[in-house]
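Please find the structures below.
Both of the next two complexes hold chain A, though its partner changes from chain B to chain C.
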Partner chain A sequence: MKKSNYINAILSILVALIIGGIVVAFMGHNPLEAFAQLFRGAFVGKFNFGTTLEKFVPLLLAGLAFAVSSKIAVFNVGVEGQLYLGAMAAAWVGFTFSNLSKVVHIPLAILAGMLAGALFAAIPAILKVYFRVNEVLTTMLLNYVAQYLTSYLVNNPFSGGTGVAQSPPIYESAILTRIMPPSRANTGLFIALGMLVFIYWLFYKTTVGYKLRSVGLNRDFTDYIGVNSRKAIILGMMLSGAIGGLAGAIEVMGIHHSFLDNFSSGIGFDGMLAALIAKSDFGMVAIISFFIASLKSGALAMERYTGVPKSLIDAIIAVFILFATMEGLFQLKRRMKSKKEVDEHVG
Partner chain B sequence: MDKIVEMKNITKEFPGVKAVDGGQFDLNQGEIHALIGENGAGKSTMMKMLYGLYTPDSGTITVKGQEYGGLTTREAIDLGIGMVHQEFMLVEEMTVLENIILGFEPKKSRNRIDFKKAIEKIEHYIENYGLDIQLNKKVRDISVGEAQRVEIIKTLYRGADILILDEPTAVLTPQETEKLFEIFKNLRDDNKSIIFISHKLNEIMEISDRITVMRHGKHVGTVNTEDTTIPEIAKMMVGREVFLNIERKKPEVGEVLLSVEDVYVPGERELSKIKGISFKLHRGEILGVAGVDGNGQSEIVEAITGLRKVEKGDIIFKGKSIKNLSPAQIRKLGISHIPEDRNKRGLNRPFTIKENLIADKFQDKEFSKGIVLNEKKIKEFAEELVKKFDIRPSDVNLSAENLSGGNAQKIVVAREISNDADLIIASQPTRGVDIGSIESIRKILNDIKKKGVGILLVSADLQEILSLSDRIAVMYEGRITGILDNEEATEENLGLLMTGGYLNEKV
Partner chain C sequence: MLDRIASIFDYTLIHATIRSSTPILLAALSAVITQQANILNVGVEGIMLFGAFTAVCVSFFTGSWILAVLAAMAVGVLVSTIIGFAHLKYKADVFAVGTVINMLAIALTRFLLNTILKSSGSFYSAEIVPIPTINIRFLEKIPVLDSLFNKYSLFEVLGIVIVFILWYALYKTVWGLRIRSVGLNPMAAETAGLNVFKAKFQVILISGMLGGMAGAHLSLGYSKLFAENMTNGRGFMGVAAMFFGGANPVFAWIGSLIFGLADSIGARLQAYGLPSQFILMIPYIATIAILTISLASRIRQERKQKSSLNNLPNN
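And then the complex of A and B:
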C-alpha cells in the first residue's frame, strides 16, 4: 500500500475524533476531558492497557483472516464461523488431554484450532472453484452451521455440567500465560503478532505468496503461467480459515479457558470491518484493529469518569468507518474515471 | 477548396497524461483526410473532441465558419459531423432498418413511424454510394463489413457530411477493405468529407488525399499524399527510420516439432469451434496462421498450450502426445506462448515488471529455494532482460500497470523467449504496439527461428504474416482452407482463403 493511504487513515481517525468531540461538547461535557479519560482508560495502567491488548488480538487475527481471503479475491464472510470451530477444536484438545506438558499441549491445541478453521473454510472454496457457488452465500450460511453446532456441543456432549452453556475448563497445561494481570492479556498477543509477520513474509517473499497474489489479481494470467488457479484459491482460503481458527483458539486458551456458548458475538465481523477499512493491507489491518480496540476498551473509563455514554464510542467508530470508506469511495471513483478515459483514449 | 473543419492549438490532459498537446487538424470539403500515429499518439482523442465526446482544455474548433471552444455531441451532429466508432453501436436484436432510423424516425403521425419514407431515403444512399445492405435482416445476422456499412448509412441518414471513421479497416478482410474504399471514393465524389484514422500505411497511401501525422499528442505534419512515401510517413510517426520488412531467408527446416492431427476443439458457445485441423510445424520455420479474427485461431492456440480441452484428435510435440496436459506440463516440455491478449493473460498488470518477467520461472531452482524467493537473483535476471529488450521504464520494481502497449508486450516477449523453448506460439505478437516495438519484436522472432526454434505465428495482420512466415495456413470457420508457401502467397489469394473461398490450384 502507498504511503498516502496511511496518511489518509490517520486523517480519518482525527476527523472522527473531532466530530466525536463536537458531539460531546453539545451534550454538555468537556470533550478534552472525555478524550483524556478515554485515553487513560485505554492506555494508562496495566489493567487498562492490558484490556486494550486483549481486545486487539482477536480483532487483528480476524482482520488478517479476511485480508488474506480478499488478497485472493474471495470474500470470506465466514471468519466468524471459522473462529467458532477453531475455538471448539482448541477447547476440545485443551480439556481432553490431561497429562501433557505445556510445550506440547499449547501448540497442539493451537494447531487443532487452525486445522479446524482451515478445513471449514475449504468447503466454500471448493464449492466456489469447482461448482461456481458464490462464496459470500456459503460462508454466511456456514456461520450459522458453526454457531449452532458448537452451541449443541457445549449443551450436550461437551457440556461442562455447570448449568451454564460452556465446555469443561481446559487443563492448566493448555492455558496461555497472562502477561499483564489483572487484565486478561496473554501470550496470544505474541502469537498474533508473529502471525502478522509470517503472513507478510509468506505473501511477499515466497513462491506461495506469488501464486496467491497472482490468482487474486488475475486468474487468467495465473492459469496461463502454469499455476493451477483453483488449487491456489483453495489454499488461500484455507490459510484465511486457519487464521480465523487461531483467533478462536487464543480466545479460549488465553481469555475464557473454556468454550463459552456464543462467546464471540461478532469478532469475525469486526475484523472484517477492520480489513475493509485497511483495504486488506496487512500493516494497516494491525493499525486499524489497534485503534478500534483502544476505543472500545477506553469507552468504559470515559463513561465512568465523565458521564459521557459509552455508546458514543460506537458512534465515533461508525463515523470513522464512514470517513475511511468514503475516502475509499472517492479513490475508487477517481480510479474508475481515469481508467475509463485512459481506456478510451488509448483506442 | 473550403476548409470545413479547423482545429487549432488543441490541448487535452487526462490525469497524468497529456493526450493532446498543441494539436492541429484541418479538413477540406470533399477530401479524404487520413489521421495517423502510433497508439496513444492522440488521434482518437482529437476526433472525440471534434465529435463532442471530450471537451478540449484549450484551443479552438472551427466548423463551417463557426468557432467553438468545445462542442457537445448534439452540436456536432447538428453541424453534420458523424462518427463510426471502432466498436459498432448497433442493437443486435433489431433489424438494420430499425437501427438506422433509431432516434430519428420519420413520423406519419404522433405514434406511427413512416417506414416507407425512411426506406426511400435509405435506398438513395444505397444506390448512390454502393453501400449495399439488407434492410430487413437482424444486425446479429450480418457480417462485420455489412455492419460497418450500416454504421456509415446511419451517420449519413442523420445528415452527416463530415464522417469520422476510427480504424475502420481493422476488422475487415482485404476484399471488404477494397469495397469500403470504393464507398469512400463515392462519398468524396458527392462532396462529403471523410476523416479516416488508421495506422496501416499502405491503405492510407492508397485512399487518402492528405495525411496528418501525430506523435505523442503533438501535430507532426500534414502532407499531400501524392508528395510523400511510406517510409517518409513512417519516419514522421516514429521520429526515426524504421525497417518493418524483415530479411527472411528460406529456412533449412529440421525435424517435425509439432504435429496437429485432426483436432476438434469446443468454443465458448459452439460444440466444436475447431472442426478437424491438421498441420505440421518443423524446427527452424515460422508457420503463419492467417484469418479474420474469431475463426478459431484463439481456440487452436489454447488447445495446444493446454488452456482449452481438446475434444478429438491428437497433438504431438517432439514425438509425444501433449493433448489435454496442464499448461504447466506443456510449458515444461518446451512450449512458450505469447498470448493474444496481454492484459488478460500475458501480464498481471498490478504486478511489478520484475514479477511479470519471472512469472513462468519463479518456482525454478534458480529463483527460489524451497518456497523462499531469491530476490537478488530475480532482480538481476529482470534487469538483464529489461536491458536486452530495451523495456522502458527500466526500473524493474515499478508496476506494469502504466506501461505503454509496446513496452508491456516486450515484457511478455522477453519472458517467453528467455526460457529457451523449442516451440514458440506467438499470438498477435504486435497487436496494438507502436511501430518501433513492432520492428524489434519481428526481428526477435526472425532471429530465434534461425536458432532452430519453431514458431507458430497467429496474426490478423497479413503484412506481418507475409513478411515473417515461411508457410502460411489460412483459417476460416474452424477449418484450414489452405496452406501456402510464402512464395506463392499474396494478399489476394490469402484474402480469398480467409473468406472461405478455395484456390483453383488445390494446395
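And then the complex of A and C:
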C-alpha cells in the first residue's frame, strides 16, 4: 500500500471525528468527554480491551475474506451469508458430537464451518465463470438465503427448545477458551491472526498464490500461460468463503456457544468495508478492522456513560469510510500544493 | 388440495402482485437510469431508506403527503449528490460508496428516529398522512373489477407511467442516446463532444430522485410507518430486477412483477403452514435462477452464432 493511502486513511479518520464531534456538541454533550469515554471504553481495562479484541476477530476475518476475493478480481459481497452457514455448521458439530476430546472437537467444528462457507461461496463462483452471472448480485442475494435458511434451522430441526430462536448449546469440548475474562475475547484471536499470516504466505510465497493473483490482474493472460482461470476463480472464492465460514465458527465457539438467530447484524459488510478502505492489502485490513472494532466497542461504553447513542458512532464510522474510499479527496489538495511549490521554484 | 391452489392463484393475486412489486419497481428504475450510463448504483437501498424516513417525518409534522414525497425526493437527490461527488469527482469506487451509503442510511435513520421522533425500532402515528389511493366509486360494486382496477395507491399507478416515460427518454430522445453512449463508451462520447461528467452526474441525480420516491412510497403508500431498516433488501431486489431487464425499464418492470408475484404467492403459502423462511427465500432464489437462465441462453445463442460462422463454406 502506498504512503498516500495511509495519509488518506488518517485524514479521513480526523475529518469523521471532527464531524462527529460537532454533532455531539449540537446534541448538548461535551465532545471531548464523549471521545475520552470512547477511548476508555475501547482500551482501558481488561473488559473493555477484551471487548475490542472480541469484535476485532470477526471483522478481521470478514475483511480478509473480502480481500482474498478481490485479489482474484471477484467481489464477494456474500461474506455475511458464508459467515452464517459456517457458524451453523460449527454449531451443529459442536452440539451433536458429545464424546470428543477438545483436541479433536475444536478442529472438527472449525473445519465444518470453513467447509460450509467454502461450498456456499462456490455457488456464485460457478455461476460467474460458467454463466457470467454478476457475482456482486448473486452473493448479495444469497446472503438473504443463508440468513433465512439458518433461521429456519434454529426455529425448527435444530431448535434449542428454549423459546428463544437458538440452537442447543455446544459441548464444553468445542468451546474456545476465553483469554481475557470477564470479556468474551477468546483463543479465536490467535486462529484469526494465524489465518492472516497463512493468507499472506499463500498469496505471496507460493505458486497457488501467484496463480490467484495473476487471475486477478489479467484473466486472459492467466489462461494464456496455461492456468485454468475458471478453476482459479472458483478456488479463490472457496478460500474466501472458508475464511468467512471461519469467522462464523469462531463467533459460535468463542462468543455465543450456540447459534443465535440473526446474530451477525452486518459483520460481513463491516469487514468488507474495512477491506475496501485497505485496498485489499492484508496487513492494512488488520489495522483498519482493529480501528473499527475499537470504535464499536468504545461506542458501547460511550452510550452507557454519556448518553450519546451508539447509532451516531455507526454513522461516524460510515462517514469515515466514505471519506476513505474517495482516493482523490485529499490528494487533490496535495497536488495543488505541489503545483504551487513548482510555481515558486520556477518563479 | 385443488381448491387450496385455486385460492392461492385467484384474481386477487394480481392486485397483490402489483402492490408488492411497486417498491421494487421504483428502486429498479432508479438503478436502470444509472446503469444506462454504466454506473452500478447499489446505494439505492440506502437512498430508499433515507427517503422512507424523510417522508414519514415530513408527513407527521406537516400533515401533507405531497410535501412528504417532495422532501423524500429532495433528500434522495442530496444523498445521490454525495454519491456523485465521491464517485465522479473524487474517484471512489461506486460500489464501495453505495455500500457505505447503505450503512450510513441504517445508522443515521436509527439515530434520527431516536432523536427526532423519540422512538426506537419503529414509528407509527395516526397523524402520518399516507399517499392517497385511487378509488373509483362505481367499480366497488363488482368485486372482480374492484380488485383488479381499484384501490391502487397513487405510485402503484404512477410507477407504470414512469416506466414508459423513462423508456421514451432513454430510447427515443437525443438526451437518452447521449446517456447511453456515455455508458457504452465514455471515451468515444467524450471525443464526440459530450460532457461525460455532467451526463453521469445527471443520471445519478435522477436516480436519487427516483430512489427517494421509492422510499416515500414504501413508508407512506405501501405501509404507513417507519421501521429500522424497513427497506429490507428491496433496493437490492430492484437492482436485481434491473439486471434481469438488462437495464431496459420495461423489462425491469417485468422483472419486478415476477419478484412481486413470488412475494405474494409466498405470503399466501404461509397460510398453509409452510415454514415462512422458505417462502421468504423464494424471490432471492428466483432472481438468481432467472438471471442464470437468461444469461445461459444468451451464451448458447452466442455460441450458435459463432459456430454458424465457422461452418461457412469459405471459412
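As a convention for this text, the second predicted complex is superposed on the first by the 325 of 347 C-alpha atoms of A that agree within 3 Å, B and C clash if a C-alpha of one lies under 4 Å from a C-alpha of the other, contacts with A are read in each partner's own complex, and residues count from 1 in each chain.
Convention: a contact is a pair of C-beta atoms (placed from the backbone, for glycine too) under 8 Å apart; a residue touches a chain by one contact, two chains touch by 3 or more.
Treat the numbers as computed from the prediction; the structure is a model and nothing was measured.
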Greater chain A contact set [chain C / chain B]: C
A:315 touches, of chain B and chain C: first, second, both or neither? second
Partner chain in contact with A:225 - chain B first, chain C second, else both or neither: first
First (chain B), second (chain C), both or neither touched by A:210: first
Touched partner set for A:43, first chain B, second chain C, both or neither: neither
Which of chain B and chain C A:190 touches, first, second, both or neither: neither
First (chain B), second (chain C), both or neither touched by A:144: second
Chain B versus chain C as contact partner of A:198, first or second or both or neither: neither
Residue ranges of chain A in contact with chain C within the complex: 27, 75, 77, 127, 131-134, 136-138, 140-142, 144-145, 148-149, 151-152, 155-156, 266, 269-270, 272-273, 276, 309, 311-312, 314-315, 317-319, 321-322, 325-329, 332
Chain C residues within the chain A interface of the complex: 40, 42, 82, 86, 89-93, 95-97, 99-101, 103-104, 106-108, 110-111, 114-115, 233, 236-237, 239-240, 243, 275, 277-278, 280-281, 284-285, 287-288, 291-292, 295-296, 299
Residues on chain A engaged by chain B in the complex (per definition of touch): 205-208, 210, 213-214, 217-218, 220-228, 334, 338, 341-342, 344-347
Contacting residues of chain B [partner chain A, same complex]: 14-17, 19, 39-40, 42, 44-45, 48, 86, 166, 305, 307, 326-332, 337, 339, 344-351, 355, 359-360, 362-363, 368, 371-373, 375, 405
